[in-house]
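Presented sequentially are two complexes of chain A, the first with chain B as partner and the second with chain C.
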Partner chain A sequence: MIKLLWLSGITCNANTHSFLNYPFIEQFLNDFEFIYHPVLDSSYTLQEIVSNEIECDVLLIEGSISPEFQRADVSIEDIIRKYAPKVQKIVTVGTCATFGGIFSQSDYKDVTGLHFDKEQKNQKFENLFDKTISISGCPIHPEILVNTLYAIKGDIALRLDNFLRPKEFYAYTVHNGCVRNEYFEYKVDAHQFGELEGCMFYDHGCQAPFTHASCNKILWNEVNSKTRVGLPCFGCTEPTFPKANLFTTKKNMGVPENLPLGVGKRVYLTLAGITKAFKIPRLEKKLLDD
Partner chain B sequence: MTSKKQLKKELIIQSALELFASKGFYSTTIPDIASSVKISVGSMYNYFTSKDVLAKEIIKYISLYLGNKLQNINEEKISTEEKTKKIVEVYFKTASLKPEMIDYFLRIYLSNREVFKNGCEGMICVNEFVTEIMIYFEEGVRCGDLRDQDFFSAFGLFMGYLGGMVFLKGEEILPKALDTYIDDISYNIYKALSK
Partner chain C sequence: MIKLIEKIEGEAKLNFSFKDEKIDFVTIEFMSTRNIENILKGKHALDALVINPRVCGICGHAHLIATVQALEDCYEDLKISNKAKIIRELTLNFELIQNHFKWFYLTLLPLFGHKQQVLKATYPSQLMAKAIALFGGQYPHTSYTIVGGVVCEPTEMDIIKLNHYIDETIRFFENNLVKTDSNSFLLSDKIDKFLEYEGDLITILQQIKEDDMLALGKSYDRFISFGENSYFKKAKSIKTKVNDSVSIEYVKESDIPSSFAKSVTFKENYYEVGPLARAMINKAALVKDSHRKYGDSIFSRILARVCETSQLLAHSKKLLERLDLSEPSYINPNVDISKINGSGTSAVEAARGSLIHKVELQNGIIQNYEIITPTQWNLSGGTKKKQGVSQKAMIGLSDTKTAELVFKTFDVCSVCTTH
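On to the complex of A and B.
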């Protein structure tokens, strides 16, 4: 049985909540044992975890890290230092644990992720870099966390990107699989949030074309995604999260400041100029109502 | 296409451009163009299937010519103010050295929209040129030199101004040579667009 320690840093516990939505959680709990988890029944109390050295295979860290922050009166950094050398793998669960996230703006001192302060690599836990896997997201997608843990259990080597995220899940963009791609192609923006029609990249702040995640490939609650339901992608898996003004597209004289990943400005504008010249009546109409 | 055929095609474009710009689109015939490049009317059709097709090729040719010049300016590591001046210079230089190009744009492309409506929808046939203007604007705003605004309000100010000056020159109303206005016009445009 693989033993897991779920350690909470500075967090709103959203990743814990998201994890509990995993549809096959019972099966998961038969295959893994939490020596400690903040809300699930576990083998030890937090007090026992910080006072003893309990055997453990994977250290899961949720939330940002600050040298000032404590759990059970012990510095979170000291708890990490105590368990990290013993475990086989460390998983940073969520964008806060990976990049610092929204709590970078909190009053704690020097708030960062375990290995990254936004895009910048930290030196502090550099010796743990090779055993860490980042599962970014605000919150994490439960299937991506669980599938990663099963890969660790099965001793399957995951190929990672520069931020240590498994490429299996993060090599894609959220745009990949979005049901609004036709509207993107022909530059038809959504006029209202929540409607079935239109793309939200042009005016409504959608970051899907430059955000690495599988939200439109591995759906949320097995049914949907933000962009499918008519809300812009907030780019929550990226080191830059959260940005300001998430519902509007930052433009410079009409040109979106952030372009689809790897697409040069000249290429983008050339294509945009062509597609904008045409109106596709089908894409201007409501899908279901005549 | 062989390079010889390509050269011939460009020669026809250049010749037709000059004829259209000076005589007008409807007064210029395919035989006029054929005789100006010393080929038969029959072989003209090997290059362009109609006068309308030729007209569209010409505007694309002009757009590519100016677009390339603007791309070079956009790729230079200079301030937006300097870029503004260089764009004005290129436009006026083209209007002086190749007046037919700007004349064609103003007097044929903008004035005979019925010829261009199929195949030159929106700004497709002037895409290279407009793309470079957009890049100039976008980068100007991004670096904090230019004020963010709707693309067309800025585009109209810039190109309307330049087009108007060239038009006045073409009508022989402008008392001085175009290049004597470069400094003032660049200053005015930059002042109007900057923060």
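On to the complex of A and C.
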């Protein structure tokens, strides 16, 4: 049985609750044991975790880290220092634990992720770098966390990107699989909220074409995704989350400042000119009308 | 004697003092704060729709609805379709329902010496999360409702799916919590007769009776609720006397020296918020009968939270009948938010009680933001002379274990409190 310690830093607990949305949670709890979890019954109390050294295989960290922040009167950094050297793997659960996230703007001093302060690599826990896997997302997708833990259990070597995220999940962009793709490809740029049609990239701040995540491949709650319902992707798996003016596309001379991954401005403009030549009636009218 | 209370979406410290082997006073301490109100300052108004759900992982949706309503309150004349209003109310209901299931099976059962029933918590709460995701794309942490309406455009097929999620959740409730059909349950008005049913709720209520715990957890018998929609009312109830003349302007927040949480009062008095308060204000028959017999005790508080689950499921079905999909989901505001100067206030009923948001905008930029969460109401820390609601409920008990039980019947949310 793999023993897990779920440790919370500065957090809203949404990763905890997103994890509870994993459909086969009973199976998971048969295969893993939580020595501590913030909501589920576990073998030890938090008090016992911070005052003893309990045997453990994987350390899960949720929430951002600050030298000032304490859990049960013990500095979060000290708890990490105590458990991290012994565990086989560390998983940063969510964008706060990975990059600092939203609470890097809180009043605590020097708030960061375990290894990254946004894109910048931290020196502090460098010795733990090689045993860490990052599962970014605000919150994490339960299946991505759970399957990563099974990969650790099964000793499957995961290929990781520069931020230690498993490529299997983060090599995709949120754009992949979005049902609004055609409006993007043919640059049908008149999106209005509250409609089935249109792409939010051109005006409404959608970051899907340059955000690494599988939201439209592995759906949320097994049913949907933000972009499918017409809500822009806010780039919550990325080090820069949250950026400012999230519902507006920043443009320079009419060209979006952030272009799809790997696409240069010149090529984009050329391509935009060509796609504008398409007049596709199917995409100009309402999807479900005659 | 200090006791660390764990698994309340974080922790809190209760510092008990005893006199004649009874709890004489208790202070409640939260050890941290994230200061989200400061994070919001200087940000574009609409960014609050993305930031504020991140106050809380279990009731973040209530923060989203409170945010959009506070921003819309900054407008003089903003049109929202009935359809958007109904969809917002539905998704908020679903969040309350998922919370209540989790609270009962994960938090409450262990306090009565039972094992947590994880699957019974997650199965219905996942169905409700799916129901939110149908409109919002995901749960937790969607921002699908924006100034002017909602971003989604549900179809009849979505509604068929949604009905299945709700019906399956109702079925789960009927097979587990109270084993009867929901209609007879919702018509129950006598608590003694109600206890003749079977089910997980009945087991706990019987245990309270058998273990002589019926008098535990009584407080001021003073309730308040500020959120208004087609189900909840804005009013207060002093014992059973309901009065709807309540105004947010009399709500006051003040610092507690020993804690990062702030106290909240209405006209200088502490009030209980949450399902029991809402049931008293709505004059829910079964809860009222329980209250008549057992007062504002843990018995009534637990009953009220579970009853509300069933009531909200039934009410959501009714709301769906009123949903007209031909109405617009979103109406573009006549003034762009970047031109808005003004302030707005909102109140919504979150899982644990009234949640209040206040915002000030200048050219669409947030100048000031205030959040008052339900747990702040229930856990306001008073002095010995003037105790808060949960403080009063714990005084006179003879051990800290029972005090923890009483404390947790308020369904404490640490992350919300330490926003």
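Keep this in mind: the second predicted complex is superposed on the first by the 285 of 290 C-alpha atoms of A that agree within 3 Å, B and C clash if a C-alpha of one lies under 4 Å from a C-alpha of the other, contacts with A are read in each partner's own complex, and residues count from 1 in each chain.
Note that in this section a residue touches a chain if its C-beta (ideal position, glycine included) is under 8 Å from a C-beta of that chain, and two chains touch if they have at least 3 such contacts.
Source: prediction; values computed, not measured.
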Superposed partners chain B and chain C on chain A - clash or fit: fit
Touched partner set for A:Asn52, first chain B, second chain C, both or neither: neither
Touched partner set for A:Cys138, first chain B, second chain C, both or neither: second
First, second, both or neither for A:Lys265, with chain B first and chain C second: first
First, second, both or neither for A:Gln123, with chain B first and chain C second: neither
Which partner reaches more residues of chain A (counting touched residues only), chain B or chain C: C
First (chain B), second (chain C), both or neither touched by A:Asn162: neither
Which superposed partner A:Thr227 touches (first chain B, second chain C, both, neither): second
Cα-centre angle that chain B and chain C span when viewed from chain A, reported as a multiple of 10 degrees: 120
Gap in Å between nearest CA atoms once chain C and chain B share a frame through chain A: 16
Residues of chain A that lie at the interface with chain B and also at the interface with chain C: none
Complex interface listing, chain B residues touching chain A: 71, 121-124, 127-128, 130-131, 134-135, 137-142, 146, 148-151, 154
Of chain C, residues touching chain A in the complex: 4, 6-7, 9-11, 31-36, 38-39, 43-44, 46-47, 49-51, 54-58, 60, 84, 102, 106, 110, 115-116, 118-119, 121-122, 125-126, 129-130, 132-144, 146, 148-153, 155, 161, 328-330, 332, 415
Chain C contact footprint on chain A (complex, rising order): 8, 10-18, 20-23, 25-26, 29, 38-41, 45-47, 69-73, 102-103, 105-108, 138-139, 192-196, 215, 220-231, 234, 236, 242, 244-248, 288
Chain A - residues contacting chain B, complex: 251-255, 257, 265-266, 269-270, 273-274, 276-278
